[in-house]
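As structure tokens, here come the structures.
Consider the two complexes below, in which chain A is the common component and chain B and chain C are the respective partners.
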Partner chain A sequence: MNKKSKVVSYNKWGYIFLIPFTVIFLIFQLVPLATTIYNSFFENYRSGLTQIGPNFVGLQNYGTIIANGDLPTYFINTMIMWLMGFIPQILLSLLLGAWFTDPSLRLKCQTFFKTVIYLPNLIMASAFAMLFFTLFSDSGPINSMLMQIGVFKEAYQFMSHVWTVRTLVATMNCLMWFGNTTILLMAGMLGIDPSLFEAAQVDGATSTQIFYKITLPLLKPILIFVMITSLIGGLQMFDVPQILTNGTGDPMRSSMTLIMYLNKHLFSKNYGLAGALSVFLFIITGILSLIVFKFTNSEKVK
Partner chain B sequence: MDLAANTTIAGKQDTGASVHVRRVVSYVVLILISFLCLFWFYVLFINATRSNSELSLGFTPVPSTHFVENWTNLKNGTLPIFNGLLNSLIIAILTAGLATYFSAMTAYAIHAYDFKLKKLMFTFILAIMMIPTQVTVLGFLQLIGKMGLDNNAAALIVPAIASPAVFFYMKQYMDSTLPLSLVEAARIDGSGEFRTFNQIVVPLMKPAIAVQAIFSFVNSWNNYFTPALVLHDDTKKTLPILIAQLRSADWLKFDMGQVYMMIAFSIFPVIVVYLILSKHIVGGVTLGGVKG
Partner chain C sequence: MKKRIVSLLALATMTATMFAGCGGSDAATEAPADNAATETETTEAAAELPEDTGKVLNIQCWNDEFQSRLKSHYPGYEEVDATHGKIGDVEVVWTITPSTDNAYQNNLDEALLAQESAAADDKVDLFLVEADYALKYVDTDYAMALADLGITDADLADQYTYTQSIVTDSNGKLKGSSWQACSAGFIYNREAAKEILGTDDPDEVQAAVADWDKYNETAAKVADAGYTMCSVNDTFRVYSNNVSGKWVQDGKVILDKNIEKWIDDSKALVDAKAEDTDDLWGDDWAKGKNPEGKVFCYFGPAWFFNFCLNADDPASIASKGGWGYCVGPQSYYWGGTWICAATGTDNANLVKDIILKMTTDKAILKDIATQDQDCVNSKSVLADLASSDDGNIALLGGQNPYKQLADGAEKVDLSNISAYDQGCNEELQKAAKNYFQGNATKEEALDMFKKAIVEKYPELTAE
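Take a look at the complex of A and B:
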């Protein structure tokens, strides 16, 4: 009897230890989420020196960002740049992961290679983008190298062409994230029961067959997880294109992402449109998060 | 070992020669990829050692002698780099400290105690883990404006107490390494719950705390979006904001040697620290499982 009441009195500490997290979460995340949604229903911006609103306008803000084409355009931009970076990233990661974990290859210097490929992930994205901007500028070292080799007669304007800017953004994202993905996929590959590989080898399967018939299917859950988390990260794409194009998304706003657009409205204090955009992003990332959540939760149960 | 032996016996099609070819191919590709990862930083280093006039002549792969000169010019220039460095350091250190300590505490609450809302809390934290901060930043800015925290680094530091991703890592680490018998033993010895957490649990969690402290530090160090919206005074700005300022300035008129030096100044310290700690960092990624 006495012992039991003691157990109960210990367990109240569970609540006590949860207080800091809960309080900070409520204040700095839940309240802002509620006010963000609230803001999306109001007209609230500055036109010159006069402050318009806040006036309740219902769903008008949502209508505006969809009808004037901003939201669809920037959403497509974001997705194009994400895909251009993600496809090479996942292929490269699968290849490297398969090599690193292949026992018949017995690659040396694995630690060195892993250290090198993970390195770009820790670099300040804004500094990395600034670096690419200076390297690929008209009078920058890449142009001078290409002219020395004789690829171009005169400097190529990387920053004035839609697809070169997008390619630069995608390249940076790919470089920054493929090391991380490789390490995650490797963990998945090492988690596969080795007896499956042995059985396949005894049956005379080649390593290509083993990769397609055993590794890849068993890796599917982790691949889905990597893809969705990367998609959530891709929707947040900001630092690289923002610094590379100085916030303009040029040429012709073709590299303007959703968060750059949000950032623009936050700076100009157009809270109505910024709110509608945030809610839109919240819904998409919320759905994607739910899928990830299902994944992590089922992993837990296992 | 076993597997390798099997390969040689059973894998008759996978002859030694074909393995050899594949090994050569993979080394060549790995070296190419490593080159692609390091090339940019090599150019950055070379260009940081060259003067503006040398830079305008085109690229050479050999370093020049103006490293110290570029550094002095940058130091005495208009960008408040030491302020920026100090601000970035303070914010990143405090963020890492708060995020790891309180996430360990939250994880301990759910790991060690049984209470009614336990399951609900855990599910809830997992569910919100992936929601990006950007979607609530509008409300966040209005809130800190009302609280008088606008233009104040505290607005960037304090929210780190609730870091769901760090919590998740700590919880997983506890599940695999923290035996509750130790906690019971401490109780029998008369240690209070709070003291048990600080003096027994936290030291046991050191490896996990170290890994997460590194990641939180780096995330905060590299963060540009929120600080740029919160901090307005030149003396309060962090390094990423200064980089953005450099970008939006009329950079063609700048001494390019200084521009490269500024980029090097924000990148190379992280590279050096990374090379020292790389073993823990690369190992920590897999353990984390989930990282934004």
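Take a look at the complex of A and C:
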């Protein structure tokens, strides 16, 4: 009797420690999620100072979003800009992480460089975008430099070409987040048992072989984590393109992301349509996260 | 295996929830706003206002323009700091929210909708509106009729009619008053005019830009001389003020012929490099305020002179008196600030006095005109200025523009204004920019415009 009750009393601490998360999750995530879905069935917006609705309209909001066919376009825009930023970012971070954690390189001033590469992340995204907007404006410093060197005869309109705008957005995201990713990957790399590297070296493996055969496979859990957080962060991409293009997503909305589109509905406080859009985003994110999990865990599941 | 899939699913949903939670939080925190209660039965025009009980006068505005006018011209106003002042015992609190991204209106909407339940010291007493969206506020019960404040038609007789028609609600009640009459025209660079047209005399320059055909010819010469005429966004208002119908008719967005002419004319000028596509107020657009910017002209009303031409900067054209003013291709107006009294104010007498003094007192209006170069909303003051040296403006090289400004103010016709003007004008300019820059055909750009309008105003149709 006594022995049994002792075991149970330890178990309860597990539940007690879970309370803070559960409460926060319920209040700030599950309730908003439920109300978002609830809102999506209503016509509910403001015209000037007059409130329209809420009137129950069933699935009409979903129909509107499917009918205008904008969602796939903005989804593709978002993914393009995310990938353009993520691929260079993960490569850069892997390289830097491998260098920083390699004891045989004996890099000096490591702390200094680690701080420096993390610094861009400390700047507010909107300030960063504002800075780029000014740098790359028609009469901005980049243009005047390029014209003085003789690359262009007249100012190049960075903001009116599809791929320059997308590249600028991707560059900013990459610059802002590669430091963060590097530090995460370094933590993962430092967690690998050093005796594995030593054993490989004794067996005569080259540093390339060590990287591909030992570091990468053992880094997988951290890589998955980085992938998923970055993917979700990428889908939520908003402030950088919003500020850079002044909310228009121009040229021709080619740099308009899903959240910028969602933001368009806030002008009229259109909770119904915005709610339906959010539900679509929820489904998209869910599917993408599942795919990433499946894909990266496929060997183990077998 | 099954367990694994379940846990994966749980994990994925959780991550997705994190995301959707963020995206949807705006929708979730909103309280079901009650329908704008329209119970106010206008009490018989009370000649006697209740005594002021408020200790705080709350003013909502978007920049410090009105604040600086009040500071320099309203008797008894003392400045405390950038957002606080004092009139007698009453504390004046300024809530300044920039207009960018609609922030001012969003803020004002919330403040007015909460007016009834707000504490006495937090109630909005005065708020300012611009012409583009004046109807959105004026045509509701949130703005007080001037007659209810005891301001009579006789008090306002010297004002230009258009400044009143813009703040008259659908029942014919006047609900605001302005100290400005914002007829606007063509502000040209005298140096460039001498070089290109051989003269900087306002009448002769006017002859060179008297209609759009002549304007386009002049623009070609300007481009040949290495100058840019201006931005397409500068000319937009000139076209959009001379439309033949409202933007929205029977819930449908209508593209007027004159707007279409703007698109076609501008495209030709942009292709010929005679105009650029800079957004108003941006750095690229502002470069023409200095001689190196090589910009021939701006379009603007009187407030443009002292608010937008950087006369304080010794390197600017304005500091050397290098601008000239003429009417331009078509008469139009731009902006202006209207003072509205908020329903529920507890400082009605003070509000009444501010409106009367700032918008009808001739001595004050004359001071405003001479000190701040505002084109004031008073026929007699403007006539006065047009015929005296007081109306000469240094940054226009000593030119007296008041004759043109007064004539323009008489001609302004606001019968085609609607509550949707601001949204429609902004979205059309944004969409057309894609066409001008060669990123879309005209049809694609117009489709983009229609799409943006329906997003902004879900109650409208655009096809």
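The rule is simple: the second predicted complex is superposed on the first by the 241 of 302 C-alpha atoms of A that agree within 3 Å, B and C clash if a C-alpha of one lies under 4 Å from a C-alpha of the other, contacts with A are read in each partner's own complex, and residues count from 1 in each chain.
Assume a contact is a pair of C-beta atoms (placed from the backbone, for glycine too) under 8 Å apart; a residue touches a chain by one contact, two chains touch by 3 or more.
Keep in mind that what you see is a predicted model, and the values were worked out from it rather than measured.
When the two complexes are overlaid on their common chain A, residue A:K264 makes contact with chain C while staying clear of chain B.
Looking at the shared chain after the overlay, A:P54 reaches chain C, while chain B stays out of its contact range. After superposition on the shared chain, chain A has more residues touched by B, the comparison being chain B against chain C.
Of the two partner chains placed by the overlay, only chain C lies in contact with A:N68; chain B stays clear of it. Look at A:Q157: by the touch rule set out above, it reaches chain C but stays clear of chain B.
Once the two complexes are overlaid on the shared chain, A:L91 sits clear of chain B and of chain C alike. By the touch criterion stated above, A:L273 is placed in contact with chain C alone, chain B being left untouched. Judged by the touch definition given at the top, the superposed model places A:I224 against neither chain B nor chain C. In the superposition on chain A, A:L83 contacts neither chain B nor chain C. By the touch criterion defined above, A:M252 reaches chain C but does not reach chain B.
Chain A residues in contact with chain B (one complex) as well as with chain C (other complex) are 25, 28-29, 31-33, 35-36, 39, 134, 139, 232, 235-236, 246-247, 259, 262, 266-267, 271, 274-275, 278-279, 281-282, 285-286, 289-290, 293, 297. Touching chain A in their complex are the following residues of chain B: 2-4, 6-7, 10-14, 19, 22-23, 26-27, 29-30, 33-34, 36-38, 40, 43-44, 47, 56, 58-59, 102-103, 105-106, 108-110, 112-115, 117-118, 121, 123, 125-143, 158-159, 161-162, 167-168, 187, 193-194, 197, 218, 221-222, 224-225, 228-229, 239-240, 243-244, 246-248, 251, 256, 259-260, 263, 266-267, 270-271, 274-275, 278-279, 281-282, 285-286, 289-292.
Contact residues on chain A toward chain C in their complex (touch as defined above): 25, 28-33, 35-36, 39, 45-52, 54, 68, 70, 134, 137-140, 157, 160-162, 228, 232, 235-236, 246-248, 250-253, 259, 262, 264-271, 273-275, 278-279, 281-282, 285-286, 289-290, 293-294, 297, 301.
Remark: chain A residues 10-18, 20-22, 24-25, 27-29, 31-36, 38-39, 92, 95-96, 99, 103-107, 111, 113-120, 122-128, 130-135, 139, 141, 144-145, 147-148, 175, 179-180, 183-184, 186-187, 194, 197-198, 201-202, 204, 206-207, 229, 232-233, 235-236, 238-239, 242-243, 246-247, 259, 262-263, 266-267, 271, 274-275, 278-279, 281-282, 285-286, 288-290, 292-293, 296-297 touch chain B in the complex. Residues 1, 4, 8-9, 11-30, 32-36, 101-102, 109, 112-113, 136-137, 139-140, 142, 276-279, 282-284, 287, 419, 423, 430, 433-434, 437, 439-440, 444-445, 448, 451-452, 455-459 of chain C are the ones touching chain A in the complex.
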